[in-house]
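Report on the structure given below.
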Amino acid sequence: MRPSGRATNEMRTVTIEPRFSRHAEGSCLIKCGDTHVICTASVDEKVPPFMRNSGLGWVTAEYGMLPRATHTRMRREAKNAQSGRTQEIQRLIGRSLRAGVDRVALGERQITVDCDVIQADGGTRCAAITGGWVALKLAVSQLMKSGLIITDPLVEPVSAVSCGIYAGQEVVDLDYPEDSDAGVDGNFILTGGKLVEVQMSAEGATFTRDQMNGLLDLAENATAQLREMQLAAVA
Amino acid sequence: MRPSGRATNEMRTVTIEPRFSRHAEGSCLIKCGDTHVICTASVDEKVPPFMRNSGLGWVTAEYGMLPRATHTRMRREAKNAQSGRTQEIQRLIGRSLRAGVDRVALGERQITVDCDVIQADGGTRCAAITGGWVALKLAVSQLMKSGLIITDPLVEPVSAVSCGIYAGQEVVDLDYPEDSDAGVDGNFILTGGKLVEVQMSAEGATFTRDQMNGLLDLAENATAQLREMQLAAVA
Amino acid sequence: MRPSGRATNEMRTVTIEPRFSRHAEGSCLIKCGDTHVICTASVDEKVPPFMRNSGLGWVTAEYGMLPRATHTRMRREAKNAQSGRTQEIQRLIGRSLRAGVDRVALGERQITVDCDVIQADGGTRCAAITGGWVALKLAVSQLMKSGLIITDPLVEPVSAVSCGIYAGQEVVDLDYPEDSDAGVDGNFILTGGKLVEVQMSAEGATFTRDQMNGLLDLAENATAQLREMQLAAVA
Amino acid sequence: MRPSGRATNEMRTVTIEPRFSRHAEGSCLIKCGDTHVICTASVDEKVPPFMRNSGLGWVTAEYGMLPRATHTRMRREAKNAQSGRTQEIQRLIGRSLRAGVDRVALGERQITVDCDVIQADGGTRCAAITGGWVALKLAVSQLMKSGLIITDPLVEPVSAVSCGIYAGQEVVDLDYPEDSDAGVDGNFILTGGKLVEVQMSAEGATFTRDQMNGLLDLAENATAQLREMQLAAVA
Amino acid sequence: MRPSGRATNEMRTVTIEPRFSRHAEGSCLIKCGDTHVICTASVDEKVPPFMRNSGLGWVTAEYGMLPRATHTRMRREAKNAQSGRTQEIQRLIGRSLRAGVDRVALGERQITVDCDVIQADGGTRCAAITGGWVALKLAVSQLMKSGLIITDPLVEPVSAVSCGIYAGQEVVDLDYPEDSDAGVDGNFILTGGKLVEVQMSAEGATFTRDQMNGLLDLAENATAQLREMQLAAVA
Amino acid sequence: MRPSGRATNEMRTVTIEPRFSRHAEGSCLIKCGDTHVICTASVDEKVPPFMRNSGLGWVTAEYGMLPRATHTRMRREAKNAQSGRTQEIQRLIGRSLRAGVDRVALGERQITVDCDVIQADGGTRCAAITGGWVALKLAVSQLMKSGLIITDPLVEPVSAVSCGIYAGQEVVDLDYPEDSDAGVDGNFILTGGKLVEVQMSAEGATFTRDQMNGLLDLAENATAQLREMQLAAVA
């Protein structure tokens, strides 16, 4: 029995409000239950030094939390002084989004996706990837409208969900009370029905290949639903 | 003629949404035109070392901006590595809010007010003070309900507005286009009709005592209006 | 009654020793009672990147204190790791000095004014501005002698004094014992009889417009005296 | 065809030299082909503040590289200023080793496992986990000999290997030339035949569940071999 | 022929102005030609953690330069972010001063000697040691007057001078033009006629034992003169 | 009587294993008793900005210790955040090695010598200089073989040894137990029989010129032996 009363394969209510920010080229506010994340995509016509004259584009991500997004207040972090956890998350977001980008079609420019959690209740990195793709797509659409990009470099949504083993059962989309208690949890990122990234981790525990396959089934099903919401948001 | 078409003594539309955050003891979302700030108040039963056993409470503030709250993306900042501008702003917010606090009545505890700008269009520090007082008041109300505080330490709202000289005219509540162009601008913080803080500054220019008195008239009038909205939000 | 026995409108003894440093293009040692500040102006023919090819000059300031300038020893600070207080002070010094500079006449070069407090007894930032202008003027005079500048970009001295409400009375040029006890204090920077910057602040208190006008009267009178001393020092 | 001529399921030659360091409580030098890592385990009878009086032990890890362990020289890193990559690796090492520790049996003390790469040719984090377990076990054995620990908290070795898809084929234990070219790669950590951690990542690519199962088969086989070498080294 | 016209064994004019600072327990301004250093000694009744309950005192030093003490302006430095050169100098000053301290007689307290160069023309670290001893002695004298110390822990002055090989000749007390050109230079610290520290260094050159003995002769003679001035200053 | 039973003029067993690292242009592992240091020389065809277009080469050094090279574990350090001790050591290594380099013959390129202590038992900085020269020489030989350098810029080895006064006796090559107890110790760097650098220091003690001469005799003898081993290693 899950604390929220959800079925094992039942996600929380997800809403995506596109064009949330006035200034960013692309943006949305994504809510997965009580987890709320502002995602913005900022286009920069300059790429980092190591990419210059490659003809290829670049997508990178940053992740932050307001100090009181959580139950107890946390210290602010900064670029260049982020915790290991924060860096790991933003590297994951960037890598996942790049998996869905045709970097030749994007052209030699950089898009930075900022994912700022304004309220947290578990699953923030997955919400950030799912919402981040929406922001990215809206920024790219604007570049296409203005003729700076000809071929769409973003064909399929990149969608992410957490799954884990809670109270001996495989469950999807863990909220904070489940996340705190799960012996095994993982993040699953898919695009077009295929895997992009799998991260499973069992602090002080172990898991079998059968359990792993059960989690993959849940993830495939959930990300298919997220994909529809992402496409609706950018339509 | 102001770019927004407002009269010289006309503020932008202000709305205050109290209890915006699920986790914080007090919170609001304040919107002054296109300037949007999330304010949260976090209660900590411990005070900083220099206040221990004084019997007095403490109120402090932190100020931040999402990277894409502005027209162009800005780098993230962190506690202990903030720009001079950010530090100056959060010192001002903390000092202003403390002017309206009876620190004996508050008792030996600390309240941290976080003001995070999610969209900026001028006047962010004043919006942060005005909204910060609302968050602070709601947190204190909760402490009073739970019996931890007996006498209300926050009698009068602390309200803030910017005024400046734009195109030769004294105007209230400058938005970003005005702020960028004004030769003289200032921030005026009042409580109960009296002055708490005045900061006027003229980069590459000067101003007369007559002009200064004109700006004070505008500020007295505008903060009286803000006071009513603050009281309504915490009612 | 002031601790020093001074009248409410009486400044401390001020002396300015010009050309104190052998290496700097302009310099002085300013003493306001027991507050002693070394001011040097360093000319750099390069401007910061954001000013290049603008044809405009730039004046900036840094402020420091020897560790034992104060009653108890303080830690050393550094460029890029300064306290909020130090940054606020040096931003104020720079902004105030720039108010008296014709940046077109200065030409595309930068002058850095370093103000280092070797002994502190209240009012260090005001002494730094008053002495900093002398150092700046001497550096500019040298540039004019060498023909690098044709029109004098510094016509009127920029002068600064602190005023506050001590024991219920409006007083000028607060020393450390007064400063520690004053409920309201402020810094007033003027040039050519007009205001450049006003900073009034009341930690845990408030003040009326009448009191504010009383402090402005004191400041106008004191800065007129400082102006004469500055002109004598650079003659 | 692999650049080294190895079969797809063939690891590089692995040697483990236990007790490599004179000072550490446990240590080894592990060589996986041209990847050489010094692992030391340092016992500290104090635990971090958040664990005090819990009765539980703690195992943590740090990871470093000599500047010229790589083809081109890299900058030195430090505690508190490590790159995201380094932090991610050392978090993985610590988490993996803890999966094999009975923290009650360990008792309230901390063991820090330092893994320093003196020569790198791919697979350094997996070598660090495999060698780190040997260092950890030797340190624990010494604590058991001296009677400080009664029940062995480390029953089964924790073993790690990288697997990936190189030139369309699933291969085990990637060396640097393979690692640079692989579209998909992952790290697999097992203990007692069960999974502890799985990290698969496809930068700019995707993979199927069939491919994922192929890699898991390779990893199960390779870690079984590593387990025997670890047990021999600590015998 | 030396640029200054001095004989090879001739020091610059040295003056020591004791009790230069109003706040410090001991202080002086030492001038060695155009090298001017403010030295202050600050007494702290607490010792660093590693010395607690040892019954022994501690003397430490910090060294700084005003940004425009030199021909061209230098960046400010800070505690914890000092250049290698600065740290090397302040470690030398502290070590040298401790060589002349009876740490049992000093008792469990710490004295920090700050040496701040307000104008530099070579030999700043030696001036800092010589002046630092004077500040230290004056602080100790005050502790003896107040009865906190019974036996004088500072019997003999610690004196320092630089010597080097300039234009093939052994010379004493190098000024900046000599220092920039010398192939070999060194610092010699003596107390009571004996050596405390010798640092000789030849960037891109070498020197013989005969030359080394010549420099030692110069140093013995010069420090004997400095000793008399130090004793006069503290009389 | 020395703790190790060695005669006063007897060094520990020294071995030098050249070409220890697969990737570096030059390298060795030097062992002086239980002090083990990996030295690598990395060639960079770019020089630092201040040397550009000078036609001169540059040699610099970095020094590090694995956290558990010592009896108790030490924190990791980083470039730009190293302790004063570490910076002092690496400045010494760089300066000493440069004394033996013909910078014109080297040509406009930089060689960085990294000295990483993997096990420490006293005398690490001297082992680093002696071994560092071997790594440097091997890197230069490779540059000569490839025709990038014509004239050998490294004619004579630079060799270093520590000497000190232990239990009243002058002894050579102090190990850790001696080093901890010695009242006076020093480092002596020689090349071609001449002195390059002498650093003698007496914390809380003094020494005579006779004692200093005794230590120089020991150092001359020991470095002559080291020179032979260095030449053999690079043959």
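In order of appearance the chains are A, B, C, D, E and F, and numbering begins at 1 in each one.
We adopt the following convention: contacts are C-beta pairs under 8 Å (C-beta built on N, C-alpha and C of every residue); 3 or more make two chains touch, one makes a residue touch a chain.
All values derive from a computational prediction rather than experimental measurement.
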Practice item. Find out how few touching-chain steps suffice to connect chain B with chain C. Key: 1
Point to revise | Chains touching both chain D and chain E, listed by label | key: F
Point to revise | Equivalent of B-C within the choices A-D, C-E or D-F, defined by over half of its residue contact pairs recurring | key: A-D
Exercise for review: Round to the nearest whole Å and give the separation of the Cα centres of chain B and chain D.
Suggested key: 51
Point to revise | Mean-CA-position distance for chain F and chain B (Å) | key: 60
Study note, to complete from the structure: For the pair chain E and chain F, the C-alpha centroid-to-centroid distance in angstrom is 28
Practice item. Please set out, as single numbers or ranges, the residues of chain D touching at least two other chains. Key: 82
Point to revise | Category of the chain touch graph - line, ring, star, complete, other | key: ring
Practice item. Under the touch definition up top, go round the ring from chain E by way of chain F and list the chains. Key: E, F, D, A, B, C
Check your understanding: chain C touches which residues of chain B in the complex?
Key -> 82, 84-85, 87-88, 90-91, 95, 98-99, 101, 103, 186, 191-192, 194-209, 212, 216
Point to revise | List of chain C residues in touch with chain E within their complex | key: 21-24, 27, 34, 38, 40, 42, 44, 62, 64, 66-73, 75-82, 112, 114, 116, 118-119, 121
